[in-house]
Structure formats: structure tokens, C-alpha cells
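Below are two complexes that have subunit A in common, paired first with subunit B and then with subunit C.
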Partner chain A sequence: MAITREGMTVSQTQQETDADKKAFYEQLQGFVGLQIGPPQPAPDEVNIPMIRHLVEAVGDENPIYLDEAAAKASRHGEVVAPPTMLQAWVMHGITPRSNEGDGPYEQMNRLLFSKGFTSVVATNCEQVYDRYVKPGDRLSMTTTIDSISEEKTTGLGTGHFVTTRQDYWDADGNRVGSMLFRIIRFRPAAKSKPKPPRPAPATTHDNSWWFDALKDGTLLIQRCKGCGELRNPPHPMCASCRSMEWDSIEAKGTGSIHSYVVTHYPVVPSFDYPLPILLVDLDEGVRMVMNPIDATPEDLQIGRKVTIEVHKCDPDLSLPFARLAK
Partner chain B sequence: MSNKLGRTAAICGIGATEFSKDSGRSEMKLAVEAVSAAIDDAGLTPSDVDGMVTYSTDNNPDVEIARNVGIGGLRHFSRVHYGGGAACGTIALATMAVATGAADVVVCYRAFNERSGRRFGAGVQDLPNAATAERAQFSYTSSQGLLTPASWVAMVARRYMHLYGATSEDFGRVAVAMRKHAATNPAAWFYNQPITLEEHQQSRWIVDPLHLFDCCQESDGAQAIIVTTPERARDLKQKPVMIDAVAQGAGKDQWTMTSFYRDDIAQLPEMKIVADELWSSSGLTPADIQTAVLYDHFSPYVLMQLEEFGFCKRGEAKDFIKNGNIELGGDLPLNTHGGQLGEAYIHGMNGIAEGVRQVRGTSVNQIPRVEHVLVSAGTGVPTSGLILGVDR
Partner chain C sequence: MKTSLSHSKVKAGDELPGLDIPLTRTLIVATAIATRDYQEVHHDPGLAVERGSKDIIMNILTTNSFVGRYITDWAGPDALIRSVKVRLGAPNYPGDTMKMTGSVTAMEGKVATIAIRGANSLGDHVNATVEVELS
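Let's look at the complex of A and B:
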């Protein structure tokens, strides 16, 4: 019963959201085809010095852009500008343009912002050329909202692709080229929450020394001072001789897999799943549970040799980890 | 020397709530319903009860149940440790009380909302981090992500597979048998829902090598069992069910579900102690058992218990269970109620009730000519077991 109720709630939310999205998309489509602001005139006519700057910067040695003789001999019959400079001719300098008021583009952006699509990234640009432009041409540009996509989810987040079309015109009002410029206005993907720390061990007077040594990067094995027997996990009395006197030795850091599991469920946010966990026989003869490093579940095999490394998991916890021997 | 508890007490009443995933009421309400039903089943009145036993993780104080049900003064009350391992342990304590005169009529019970409330399968990651040995037992496994009963059992199961060549399909045969039995038990959650071995194999991983269908359910419900003297039982409403033997056991180097430090982890020495005690104290052998309820929180431990009880040799359970041998009609039908995989996870108490029904002859999946039923409690922890028999 509870499952059914939950299921209904989820699907209703889903329907409302889809309807909202559709209405919002329709609203956005109202901006498609609108021209953004008045035509932008180029600050300068097409000129040799700017062409020179570009071809030198990009290392383009085609003589038709600067060498009058070579250009004359070409099918152009005169010097022409590199087509890819199309956008450059109408670009403004580093001084920002004055605020252009409340046109369709600003209105569209406000609508996008209202739904949280506040971030922007340019995604691609395509140019089409009607003719070569040449020194002396004085260009102007008009911008139109070409298309707005429905909601899409990308690696950046969820948003709408907005494509504008810049048309470039000569003084006679003939188009010389055009450019489609696509951006995505998106809602930044929520930063994934930092992983909570691993469940902390309960430490007592009998085992805290072992965890403290791990924090210093050392894996210790408790040793009975009465009979020399090694034991793990730590405990206060030797079951062989009942001595409560003990010291410890540093583990050599070698062993083999005694058994292992690969946990899939439940997913505890401190870990990545599927999560392999090993029961390791240390060569000294004691056993410990540890996670493997750099191993996939397929690599695991009972009896496989491992080397053991101590790694810091968080400021308060370091643990031994097993690296599969080659 | 074995204990002298055999045939000193009998079970005279059983009572349960329905088994569900969401009881919709308090654990205390479940408890009083089951206890009250068991008193009615026995033909007793609440004031006849003078002893109560439950086991750890039960949230219902005995005196509060007594207050609710109208049970008067109590002469014996006790609580056994280790969760499901203590299911038959409650009967052991009740038997000791009855045999010694510490009490005459003892109610043993378990009531919980284990599915709609705190789920044992959710893991121990959020347990309070006290500086106690009880809590520190998790200190060597939890930080590595070994947090659930399924994960603890899986570690042992993998080793068992490695040593004896048992496969996931062998575990699956247990699940298929339990679901087959549940399919004809109207009280079972999985009534009318048998599974195939293929479905077992295709069920999702919980902890590899355990599939979903290797893991028992999580359930809400309550079960109560009433123990009294054989003499008194004979005067009551139901045919007495004799407690032929009862025993508890904790093994050498015992941990709670994580006995990973023994030389051989693919054994259940705690259950071997129970088995030896049951056989020696009763004089019975595996050949005397017509049907058994083996604790099936996770299917691999059913195989290992068959070996510890001596129904087959070590490592040979995978052969023993083949060809429907543990299903109705087989040599040793197991968990005829559907077990905890099929009926409900009531921490083993519902298995004792099924043992009682088999001896009474009232099971929905009744085995012919039942004389002795073996019942075990939770494995991998300090545990317990009993043999129920007909009165002679």
C-alpha cells in the first residue's frame, strides 16, 4: 500500500513538471525570429593592417590576403580578407557597449534566469560565406534569435541551447556572410555532496592504540609478552596463556585473500559501489578485514597475494588497504 | 555430560499476529495480541502465566505486556542475548524455569516492526559510537563497509563455496524450497509466489555471492509460545508438544556474525555445540527427525547447519539438498511453513511455532507420521536449538 502511494506521488510530480516544462518552452519560442537591437556598423572598413595582424598571428601564408600581384593573378583579381575574419570587422573594442536597454534578448534572458538558468557557456559557431569581403568594404551586422531548444541536460547542468544568427551586410545591403552562434543557458548541476566519512570505529582502552598507530601510518599486530602469540583484533588478555602483558610488532605488509565479498546494497554514502571487501590472512598469521585498492571485483580470488598499505581515509581514520600482487 | 532438560517441559500454546511489511500498529500492540492469542490457544487464562522470556532487540518489556494482558505477578522473567540466535534459547530458559519450579507457565515472545520500523538489513553504520566491547565488535568491519548481516554472512559463504565447491545455485535450491513451501501457506508473505532457480539466479546482488533471494525477508509481526510442565500440558486444550531436548551454544572465538578469526570460518561451531547437546541429551539421531526448521536468514547457513547437525558430511550439503530432498516429499523437508525466506522473518519464533504444528499435526504442509522435529535458531551468532516430539 505504501509503495503504491509513493509511486503515485512520484508520477504526479513528474507530470506537473513535464507540463511546466512544455509551457516554459512555448513561452521561449515567442522570442525566435526576433531581431536583437539595431544593425551594428563596423567601426572601420575592411583594411590591410587588420588583415596583416590576423594572418601573421595565425601563420597563414596565402599570398592573396596581402600580396597585390599574387592576388591579381588569382581568381579574385584583387586582395581579399580571410573569410574567417567576418566577425572581427564588426567587433567593438575593449570598451563595453552602452547598455542596449530592454530588447528581446534581455527579455529572453530574464525569462531564463527566472527558472534558474543563470549560467552560460558558448558551445559552437558555424559561419557561412556569401562572398569574399575585400579592403574598402564597410560592413554591418544584424542579430536574430534563430532557435531555442527544449530543456536538455548536459554534463554542465540542465538548460536551453540558444542559437543566434548574425548576418553581415555590405553597404549596398547585400549579405556577405552569416554566423550561427550557439550558447547554453543552464542551471548549474548541484555540486555532489561531499562523501560523509567512513563509519568510525568504536575505540576503547583495549583497541585505541591500534587505531592510533594506523593514524601514524603503521599497521601493528598485538603480541603476547607471556607466550609470544600474535593476535588480532586487539583484546586485553591472551587466550593461550592469560597474560595481560603485551607489546606489538609492525606488520610486514604481506598476505593473501582468505575470503571476499562485493557489496551492492544497501548503498551507504561513505563508499563507492559495488564495494569489494577482503578478509586478508597476514603472513604473520593474523587476519584482518580491508578494502582492496586499484582492484575490480573480477580481480579478486581466494589465495591471491596482496601487499598492505596504510592510507588516510579522513583526519581521524587511517586503515590498512590491500593491493593485489602482480 | 549433557543437560537434563529433555522432556521436563512441553509447549501448550502458540499465538501470532499476521505477518506483514507494515503492521500499522505498535510493537507492543503486536506483542499483546500474540501473547493473548497463545493464552487462548492453550486454554489458559492470563493469571495462569507466571513467567516471561524474550530476547535481545525486543522493545517490549515483559512487565508491560503482563500489565496489558492482565497477567498477574511473575516469578520468572529473563532475556536472552544475541537476537535471532536466542529464539530457541527462550524455550531453554522457560524449560529451566518450569523444570525447577521457578515458574509454572512461561510465555516466550518476539514482537517487532522490523520492516516498517528499524530494518536490520539497513546496516549498523549509524549505531552510537560508545566505548564498549559490545560496540567495538563492529570496529574491525564497519569502516571497511561491511555493515549488514548479509555482508557478514557473505564473507563466510564465499569461503564455504571455495572449500567445498558449493555454488550460488546450491544456495538457490534452498530459496526455491522455502518459497515452494510458503506458496501453500496462507500465513506466508509469499503465499502463492513460488520462485524458480532461474529467478533466484537473476535476482539482484545484495552482497555477492548473495542474491536478493538468498536473503530472508524483513517483516512486521509477533509470535508467542507458551511452555509449561508436561503434566499441566496434558490437562490443557491442545495436544502437548514435548520439548525432547533444548540447548544453547556459543563457539570458540565467537563473534556476533563476524567470527572471521577462526582457523576455519566455513563452519558453525556454535551450532555444533547445540547439535551435540541435542543429540546426546535426547538419545536421538538425525535419522529420528522427520522434518526440521533450520534458521534461514541467509540460504548458505542452511547448508552449513545440515552439516553441523550431521544430516550429511561436511561439504556435502550441496549434494544432500539436490533433487528436492529438502522439499515436501523429500527425505528431510525443511521449513514447511516457508521459513524466513518465505513465510516471515520473526527472528526464528515463527519456526518454533511451525515445529509445534508439525507435532500437533496441524501444519498446512503437514508431514506424515511426525515424531520429532528439529528447530534451530539464528546462526553466525551464539545460538540455540531444540527438538520437539509427540507426548508418549
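Let's look at the complex of A and C:
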């Protein structure tokens, strides 16, 4: 079978039959219920400095976590740790963890890797608290493989949801809380192709001069030689005096937003969405359609001043873009 | 000291006050380290990009902490959080804002069930269900 440039045997995965998938799923089910390694002890007892670092960082002003008097007056009667901090007490810390063990979790991962399910994203975390832990508590954690789903396809790709269950225990062997943690191990969806170039404008004898000037970095405005009126987009006859004689002036490159739309659909692959499109009042008095540059839809406002810059979109096309004035 | 919300004043359908969390780079790094989570994607922009992320992202332990804070900001120090169940979505990147909103979906005795949404400019970062015993 052919190995593609992505390194993944696409034809293999496409040819995988339902029976193969079922057999693989059955094989994965063999890991469900197994405990992963020995209990992990928390490196430190539950302590005030760690509580302080976290509640200050998240701006949690609940006084029961740091203020003894307030905690005493509460239902807890003493200082307690935030319940949502449960997981932090047993976190591994900065030392890299070895991936080379041969426990059930590593074996399960190797099996998943063998089918190309190499990427991982966490999707759910469900904590239940038996009691709030308090400074001085010495915790430990046990982990078991709780469930492994059938093959599923999500926006990320195709893979299996793996749920582990962490139980947290105090020094007396009483459970203080538990957590279900769900990840998806998946085969990434095929990488998106590079963006195609922007669709070329429809150029004619009457407007190609305007695009040609942009290629040199110059934004021009057509001017009637009969009455001097400026006009845009370029066209052959003056709407005021019907003269077909014209020349052009160079735009100063300043203006303001007359109106705008933000396009979400239909998606043309050359552009990023949401895609704002502006109608800009140039200070000379004509209007021009263009995209903004370095701006999100939230930044846009009718009347907002812009400066206009000419940028190369691809070797054959340069266009004006509006940069919002500070 | 801040008084706690009595269960007698709460009914299903009540809305919790909104809370906007400006997602500064400092916040994302400080909370990751405060939860002992040293994965590079939570503090090293260069490595985060190398691993396919747009930038560093908030870690899950911190999302949980904000859900807890959001509940007790509203319910007060006597609230007893029994469970926090989160479903994760769009990452919290620096420079964005997470807007937290919530409502009471059920009241049973003193126990309120709260549905919480934390949304950033990309969509829902978190949808959480919390059971909390009120005073």
C-alpha cells in the first residue's frame, strides 16, 4: 500500500472494515477498569502558600480560603482549600514524566498510536467533592481507565474518547473527591491545503489602467477632463457632463468608513472569515470598496478614519486596504 | 464579611451576574504555574506555536478555578460546592476576554444546579454544570 506524503497510510484507513474497527474496539475494552500505576502521593500537604498563589491569580476573594476568622464563622469552621483545586495537589510538577513505562495506560496509548490516533485534546472534566480539603491534609490519587468509546469522528478528526477516573484520598484512606477526565485520542483531519490566491478582478479596457497603477503601489482616482468631477470605480463616461475624456489624480490615501458588512457565508477559500468588507469615503469625495487590514469586526465603526495602503495580494494583483487610524 | 445567599432567595430560572475575565498573558502563565501545570503550551509561546497552537492557552485546572470562583462570588462563603462538571471548547488565548454567565436550572432543597457558560471571541470556552448547597 502507498504511503502518502503525510506519512499516514490513507488507503489503509479507508479500507479498514467495520469488522476491523469492532475488533480494535474489543481490544481497547480490555484496558477498561485497570488501575494505572500505584497511588500517586501529593508532594506536599494541602497548604496556605499554594492556595494563596492560586486564589490571588484567579482573583477569588472568597475569604474561607485564607482568612481564619472568616473561615471560622463559615460552615467549614476552619480554612479550607478551593474544591476546584483538587487536581493541583497531586500535579506532577516541572520534572518531565517518563513515557516509557509499561503500565496499562502506556500499553493502551501504544495501541492507539499504532492506528494513527496520535493527537490528544481534553474534552471533559467532572469533579465530585466528598469534602473540602484543608491545610495539613496529605492526599494521594489513584487512577483507573473508566471507559473507551467506539471510534467517533469530530471536528478534530477521528478517534476514541478515553475517560480516566481519578480518586483522591486522605491519609486515613477516606476519599475526599473524584474526577472523570475525558480526552479524545485522534487521527488529525487531513491538513488544510494552502490558501488559493484571491480571485482576480474582472479587468477590461476601461479599468485595467487603475489596477496597473496599483501594481506600482499607486492608488488613482479617475477625473473627468470635461467638468473635473472625480469618479470611482473607473468607467468610460462622466455621469455629470457625459464627456468621455478623462485623466486621473493620485489619491491622498485618507478617508473614513462610510459603511461595512462582515461576511460569514459563503466561504471562499482565499479569505479568512469573518471577512469585513468596507465602503470607504475617500477624502477626495469618491467611495471605494476594500478590506481592512489588521482589524477585527469589533474594531469597525461607521465614520472611523482610515488610511489607505496598497498591498500585493499575489504577483499579479495589488489592492488598496484600509488601516484604521489610531 | 460578605454574607451568603440563602437558598430561600433562589429559584430555578434566576440569572447569575455576569463576570468578564480579561485573559492576560500574565493570568494564563500565573494560573498554570499556581496549579503546578508546567506543560509548555500554557507558558511558552514559541513551543505552543510549534505544537500547532496559535499561542499559549489557559489550562483546565484554571478553567475549573474560575467556575468555582464564579459560583462563590454569587453565593458567598457558605456555599458548599458539591460537583463541577465542565465541557471544554474554544481555547482561552491571551488578549481575549472570557465572559462568564450562568443561570439556576434546578433547586432541590438547599441544592442549586447552575449552568455556566464561559465564552470568548472564538465561541464557548467552557460549559459547566455545578451543584452547590446554599446556606
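To be clear about the criterion, the second predicted complex is superposed on the first by the 172 of 326 C-alpha atoms of A that agree within 3 Å, B and C clash if a C-alpha of one lies under 4 Å from a C-alpha of the other, contacts with A are read in each partner's own complex, and residues count from 1 in each chain.
Convention: a residue touches a chain if its C-beta (ideal position, glycine included) is under 8 Å from a C-beta of that chain, and two chains touch if they have at least 3 such contacts.
Predicted, not measured: the structure shown is a model, and the values here were computed from it.
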item: Which superposed partner A:313 touches (first subunit B, second subunit C, both, neither); value: first
item: Touched partner set for A:207, first subunit B, second subunit C, both or neither; value: first
item: Which of subunit B and subunit C A:91 touches, first, second, both or neither; value: second
item: First, second, both or neither for A:199, with subunit B first and subunit C second; value: first
item: First (subunit B), second (subunit C), both or neither touched by A:270; value: first
item: Contacts of A:240 with subunit B and subunit C, given as first, second, both or neither; value: neither
item: Partner chain in contact with A:128 - subunit B first, subunit C second, else both or neither; value: second
item: Complex contact set, residues of subunit C against subunit A; value: 1-2, 4, 27, 30-31, 33-38, 60-62, 64-69, 72-73, 77-78, 80-88, 121, 135
item: Sites on subunit B touched by subunit A in the complex; value: 22, 121-125, 129-133, 135-136, 138-148, 151, 154-156, 158-159, 162, 204-209, 253, 260-261, 265
item: Interfacial residue positions of subunit A with respect to subunit C in the complex; value: 50, 53-54, 57-64, 70-71, 73-75, 82-85, 87-88, 91-94, 122-129, 132, 296, 298
item: Complex contact set, residues of subunit A against subunit B; value: 1-2, 198-207, 211, 232-233, 239, 258-266, 268, 270-271, 274-275, 277, 279, 286-291, 297, 302, 313, 317, 319
